[in-house]
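Next up: the structures, one after another.
You will see subunit A twice below: alongside subunit B first, and alongside subunit C after that.
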Partner chain A sequence: MSEAFRMHTTARKALLVALFVFMAACLSGCWDRREIEEIGFVAGLAIDFDSETDDIMVTVQIAKPFAIGRGAPGGGSVGERPFWTVQAQGKTVLDAVAQLTQKSPRPAVWAHNEMVVFGEAFARHGIGDALDFLTRHRESRLRVQPLVVRGFTAAYAAFTTESELNPIPSDALQNTARAAFSRLSITTMTNINEVLQILQTDGVEMLLPAFTLEPVSPEAGTFEGELKRESIAYTARFVGSAVFRQDKLVGFFDLQETRGRQWIVGSAGRAVVVVPHPQAPGQEVSLQVTTSSRKITFHDEGAGPSFRVAVDAAANLGDSDSHIDPLDPEIWTRLEHQLEAAIESEMQSALRKAQLEYSSDVFGFGEYLYRRHPEVWARLGPNWDQVFSTVAVETSVNAELAGPGLVFRGARVER
Partner chain B sequence: MNHVRITQRQLISLLVLVRMTPQTLNCTTLNIVRIPTIGLIADLIGTALAVPLVYLVAKASAGRPGETFFARTRRVLGKPVGTIVCVWITIFFLLIPLMVLGSVGNSFSTAIMPDTPMLVFVVVLAFLAANAARRGLEVVGRLSEVLAPAVVTALLSIAVFSVNRMDFGYLRPIFLPGGYGDLVAPVSSVFSYFTMFTVIAMLLPHLDSPRSGIANSLAALLICGALIVIMCIAMISTFGPTTNAIVLHAFALARTASIGTFFERFEVLMMVVWTTGAATTAAVFIWAAAEAIGEAFSLRTSAAIAYPLGWIVSLFSLTSLNTTFRFFDFSTGPWVIFSAATAVLVTGLSLFIAIADRRKETNPG
Partner chain C sequence: MSVFVSREISENEISIKSAFGYSTDLVVRIIRSGENPRFSVLIAHIDGLVDKDLVARSIIRPIGMKDTATIEMPPSPAYIYDDLRNRLLESSEVKEATRMADVLLHISSGDCAVIVEGVDSALICSVRSWMTRTPENPTTEPAIKGPKEGFTETIRVNTSLLRRRIRDPRLWIEETVVGEVSKTDIAIVYLKGIANEKVLQEVRERIGRVKVDSLQESGQLEELIEDAPWSLFATVLTTERPDKVAGSLFEGRVAILVDGSPTALVVPATFLQFLMATEDYYQRFTASWFIRLVRGVAFLVALALPSVYVAITTYHQEMLPTPLVLSIAAQREGVPFPAAIEALTMIFFLEVLLEGGVRLPTAVGSAISIVGALILGQAAVEAGLFSAAMVIIVALTAIASFTIPLFSLSNTVRILRIVLTIVSGFLGLFGVAAVLFGLFIHLAAMRSFGIPYFEPLAPVVLPDLKDAITRAPWWAMKQRPELIAHDNVVRIGDDQKPTPPRSPQKPSPAGTVGQQRSSQQKQQKGNASNPDEQQSSSDQRPSSLGPATQKERQPRSRRKSRR
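After this line comes the complex of A and B, so read on.
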């Protein structure tokens, strides 16, 4: 082997070794290393506005994994809450979040946060700043679900609520919201991604789920149940939805109005509608709506622009206060008409409030025009807020009772 | 020219990987549109415009197996002019790994590992790419044959598992609020990435059956076009009017994807796509640039240039495209102009060569 070749080989080997050392240093990934026991998993975020200092107050609920499911039968915790709530103030949301590091021994990790609660005062002030933080932050996910606390209670109070069935308040709130949306259609269900889309779209305003805090017992502050807790003061109850214009809260829909809006936008899933008993005055019948759909048409002739909303709904007989014979076609038809009237009443009450009180197109009629009739939107769009308040909306419902459940006739009980 | 051969499947895989990689990183086309649906129209028009480019380049390159596009250019235009053209296209080839590595480095630093210096991603990927390029086209071809199906599956999975977040109503209305002028920038942007297909001028002479190069190149183009349109529809339907505000579209889409409520974090797939796609793309173009330099300067072997080219590319990536804003400015400005000029040059040359060759065939004397 020649001297030159041997040197060449040695140089190559040295270069390779140097390269491997460099690559090993580069590939170790230690710059972004975060040990699981050194980070705090954010389970919920609450944002309030302090009108005295004009500051934003951020409350974060951080899960304590070591306290979850420790010992108690049924998965609850004994003696120790499975979360820690910590607060900080700042000029912006990020500023406030950054201040958390002064109090928290573990850096907050946002990847698992699925909920943000806005206080009513903050929501009336505008939620744009919070949305900006949640969308720019690389850990936060666009599926975070926004909620509004109704009443001038601070949003952080949401984290003082507790549920017997779920040890972490933010989890309990989210599951309750989901159930209220999917089983009763009495609240809305949305996420940050959809909220941003609505804010960027002309002709539609947002509607967020709203809840209030309810004392669990007359002696709020102490509660002794099956599971021993430090204290249970409040529980959360969903009371409808928060109506926005742009990013500012302008008012609330109650449960029926919220469901009226859901019928109109075609988002109503299941629902329980109580109608008068067709044969027994003063008694009620519950109808379980199983499916619904809606069709919107736009008309622009004669008396000006108008919309027609036609809803189709299918329901089953859920229960009745007194004996009912659904095999009687007349009763069947009357129940269907009563269901139609109830749904229409909910739709009209939502429309009245949105048009006359809030001037907020939470139904997306403007967006419908933009998508389906862009030429009309070009004409009406610039003054949509005024147009929406006066536009005629005709509603009609076609309800069908699909079945009586598992029995035709219930037990005959004389009242 | 050495006698390395790649199969037809490897050619299609290479081209699909090369074109889809930038699409999964900073998809700047969707950032420069006034309304998102214009991005969809631009994707369709940009793909259609790329068909004649790809056809002509493939035709010119597949016409004479054993002779590369550059060799033919030098033969037809003469050595001095041919060499200038070779240098121009070499610079164009080197811009692509420069952009891809810069984009990957930025994307990792922005979205996943903010504390890790961008240098780590760029240097490691550049080394991988240069090493693959040094080993030759066969290695890159085999690599892409394995990776391309995985990348395509990953992208389709992300689109499919985001369906429950989509509102297809956002695809309406399809109109141009500012007239046809709205299309100029986005169509140019889409087309500029399709100019990456000019690399077939270097690849087709190495194809095991060069005559099938035209059909295979067009097939790859159509696969890319379909994938881009599917991804664009998925993005617009998921993000609606906020689509043009997002920095990393495919990554953001992956973050919304889930199977039920129990399987999420699809962004891990994006990390795989970025790493493999960027390494392969950089490898292909570093190899092509090395080959082009070899031809331009009549070098006996060009493989050894791969490492220096890798270092040059990573150096420029780290110094010129080291922030998202810089990348955005470059990819929506100079890159579009340079790639359009290259497309015009290559198309014109392809036509010229085809005509010259035909004349020579009809009048051999």
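After this line comes the complex of A and C, so read on.
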């Protein structure tokens, strides 16, 4: 009897455990379930500052998957744009984003967002709030790329651009920025993760890629929530970079200054530098820089602290207006000197602007001191902003012209 | 009915006839023969199981020709009985039986019983002959490269197929009978000296334990002797291929043949065996290496692809690249079901198609593919009931499951796939991972006739890994599976890797290499330079395998001392 009873209780226990497991699966089940076609994938985010209401205006581009599938790109005038643009205002970024829910039938999913565009007014106001939102949000990725619109066009106007080659503006902008960075070194590439690190580090300021929006039609700038193909109003062009102090925009570098900063920081990739022809006056030669490296040293004797930046660059002959004899060592040396001078002037102009105009250490000299000469940093660090503006930076460039390209004599033959 | 064979021939006649219920295929004949005195002999057999010609020629004629008159003294029945047994019956196999039950068993097995009046013992002549199928290409395990013969329904044919592959007296066959009524012959086949005695004893015990009324197929026996009767995984390997059974015997495994079944059972079985095709051993190892990897991946695809797809698209959209997620979302647009329901329905369609294909005669089989693939698949997508991505996923799953060589495993995968898909619909990748985790625990915990089922992966047996997920070349697989044939593991002689003969003209660079080689090889290399001695060196080759075969017979001393 007792044996049977014990059997009975073990069987009941086993049944109870099985029931609990089953209930755990069922009750917690489907908790996070979101069918893929019922969510709005955010493809781009633009943040503007509305000076009238003192509000933050958030514009979000949400992908319309069904429109992508139907071959919208290049579909002519009948094509439907493969995304939906929606706008909301709020006191903070998250407040504004929350307002979006009132308008969007599909909950916004941020995991696939790759770009955030800041309007100039908002950036001057400080982008800290936006960065805070993007880093604290569970779905948003740290690889989101921040961009700044130069000029007084609203950032959301970036969503009214369209590239013939890429139907999604955020994608097109990103790819263009990447090409400008890697092929010409005239802009910077960064993401929220790097920006966050820079903001948390003393002695370095951030530099974000900047572009302008140029109107393509007189009635540009109309914006009515949803965008039709006819409302394409702007084209985007990268024009250098935006200089920040802390999280506030202080000014812009043009293309040359941006590249000057890239030489100093050592992240310049390839570049095209145009120099005067050494023999034919008024003619130009373009040189294709292939690789470069830099070395920074710090000196603290005599006339106060100073940095020396030595850049090594290798280049090829790109093209020339007039004949160049590659066997003439004199021409070769003069070209190299001219390249050195061009690079050096770019560096100097970037340094001048950063030190005198913006007093923003976008080169990370302070961080260099903090890493390499902590004792100096302990002395200079507390008021680095003033020190940076006055610190002496010597630059020197050693350029090597590696070769004439694929052909020896080329099309410009001296007769 | 008396228990023993009676001296009275008419009593025996009644016993036999009534035992068979006067069945029409039972033939009982009483022959009265000889002069002075006449003697009576009863002949009983079943029509259709015996060679009637042979009965007439080798049993009836000798009895009729027995002329008792020439013998001076009237012969006793015992004399006639002995004479028949020792001299007259022209049958290759004559046995004696005194119990009536044995006589009846032999008659129903296709033997011919000969009972002499006045003797309480019967002579059993083997004259079995019935319709059998010739060995054909095994339909369930076809091979492009490899033997094209498969087992038949006749156990004797099947044992002969094995004998032809292993011409050594150490191929031992133990026969028993299972089935109280069907009395089915069971053969336990193994290689004496290689097979693990413990496994063998376990097989004998488990088969001896079986008490059923009948046994029609080896699948029934499999369910009665397997280790994990509730598991989804089979712990007994089944095969139709004699070459596969022979290969398994050389690994130290034990084969069980069941009369009436073209499928042999092989134990102990390990999980990875179910992913191995016989062909893997006949292709060059480079091909096998690659194909086994493909099959391994296909196994995972067949098992988990629908569930992973469901989990990622409904719970973890951030894991997909943006273009892919948008593409899938575009296809799902307008689909009325959640992805999990969609997947389960598609899988159900697939199962129905598969089962319909198996049951249909081949002549109308092609209709299934047209109706199923074209009409159902395409129309369902066009009607917007299912997304094209889901059709692709399920179709890929189906094709992947066809790569699993053994049907028992693909059946398991079919069930587990549905379980995984349901769980992934509830819990996402977390659920998929949990189920797979439980599955691996289950696999690692199982044993097949004492051998860990997940060997050599868990426990890790390094030498056995050569023939596991991939296959090493034959010349490198020097050992049998260590846990199975642990007394006798060496199977291949040393230096089996073939090398081209070294050119005698260039001794200097070869010399440095040769120094590292064994002296025996150096000698062979020296011989090769002399054409007269080359013959003798090639003569030595077969005899040099001698030590290897001797090693086979004796357990390696190092191994012994370790245990």
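Going forward, the second predicted complex is superposed on the first by the 364 of 415 C-alpha atoms of A that agree within 3 Å, B and C clash if a C-alpha of one lies under 4 Å from a C-alpha of the other, contacts with A are read in each partner's own complex, and residues count from 1 in each chain.
The rule is short, and it goes like this: a residue touches a chain if its C-beta (ideal position, glycine included) is under 8 Å from a C-beta of that chain, and two chains touch if they have at least 3 such contacts.
The shown structure was predicted, so the numbers you read here are calculated from the model rather than taken from an experiment.
Undergrad: In the superposed model on subunit A, is it clash or fit for subunit B and subunit C?
TA: Fit - subunit B and subunit C, as placed by superposing on subunit A, sit side by side.
Undergrad: Based on the superposed arrangement, let me know which partner A:Gly405 touches: subunit B (first), subunit C (second), both, or neither?
TA: After superposition on chain A, A:Gly405 lies in contact with neither partner.
Undergrad: With the two structures laid over each other on chain A, which partner does A:Phe66 touch: subunit B (first), subunit C (second), both, or neither?
TA: A:Phe66: touches subunit C, not subunit B.
Undergrad: Which partner does A:Leu19 contact after superposing on A: first (subunit B), second (subunit C), both, neither?
TA: first
Undergrad: Quick one: classify A:His112 as touching subunit B (first), subunit C (second), both or neither.
TA: A:His112 sits against subunit C, while subunit B stays out of touch.
Undergrad: Under the stated touch criterion, which partner chain does A:Gly266 make contact with: subunit B (first), subunit C (second), both, or neither?
TA: So A:Gly266 meets neither subunit B nor subunit C here.
Undergrad: Looking at the overlay, does A:Phe41 come into contact with subunit B only (first), subunit C only (second), both, or neither?
TA: second
Undergrad: With both complexes overlaid on chain A, does A:Asp32 touch subunit B (first), subunit C (second), both or neither?
TA: Both partners, subunit B and subunit C.
Undergrad: Rounding in steps of 10 degrees, give the angle subunit B-subunit A-subunit C taken between C-alpha centres.
TA: Between the subunit B and subunit C centres, as viewed from subunit A, the angle is 50 degrees.
Undergrad: If you take every C-alpha pair with one atom in subunit B and one in subunit C, what is the shortest distance in Å after superposing?
TA: 5
Undergrad: Would you tell me the residues on subunit A in contact with subunit B in one complex that are also in contact with subunit C in the other?
TA: Residues common to the subunit A contacts of subunit C and of subunit B are 26, 29, 32, 141, listed in rising order.
Undergrad: Using the touch definition from the top, list the residues of subunit B that touch subunit A in their complex.
TA: Residues of subunit B touching subunit A: 110-117, 119-120, 123-124, 127, 165, 167, 169-170, 172-173, 175, 238-242, 245, 252, 255-256.
Undergrad: State the interface residues of subunit A toward subunit C in the complex, per the touch definition above.
TA: 25-26, 28-30, 32-37, 39, 41, 43, 63, 65-66, 68-69, 109, 111-112, 114, 139, 141
Undergrad: Which stretch or stretches of subunit C touch subunit A in the complex?
TA: The touching residues are 313-315, 317-318, 322, 325-335, 338-339, 423, 425-428, 431.
Undergrad: What part of subunit A is in contact with subunit B in the complex they form?
TA: Answer in residue numbers: 19, 22-23, 26-27, 29, 31-32, 138, 141-143, 193, 196-197, 200-201, 370-372, 374.
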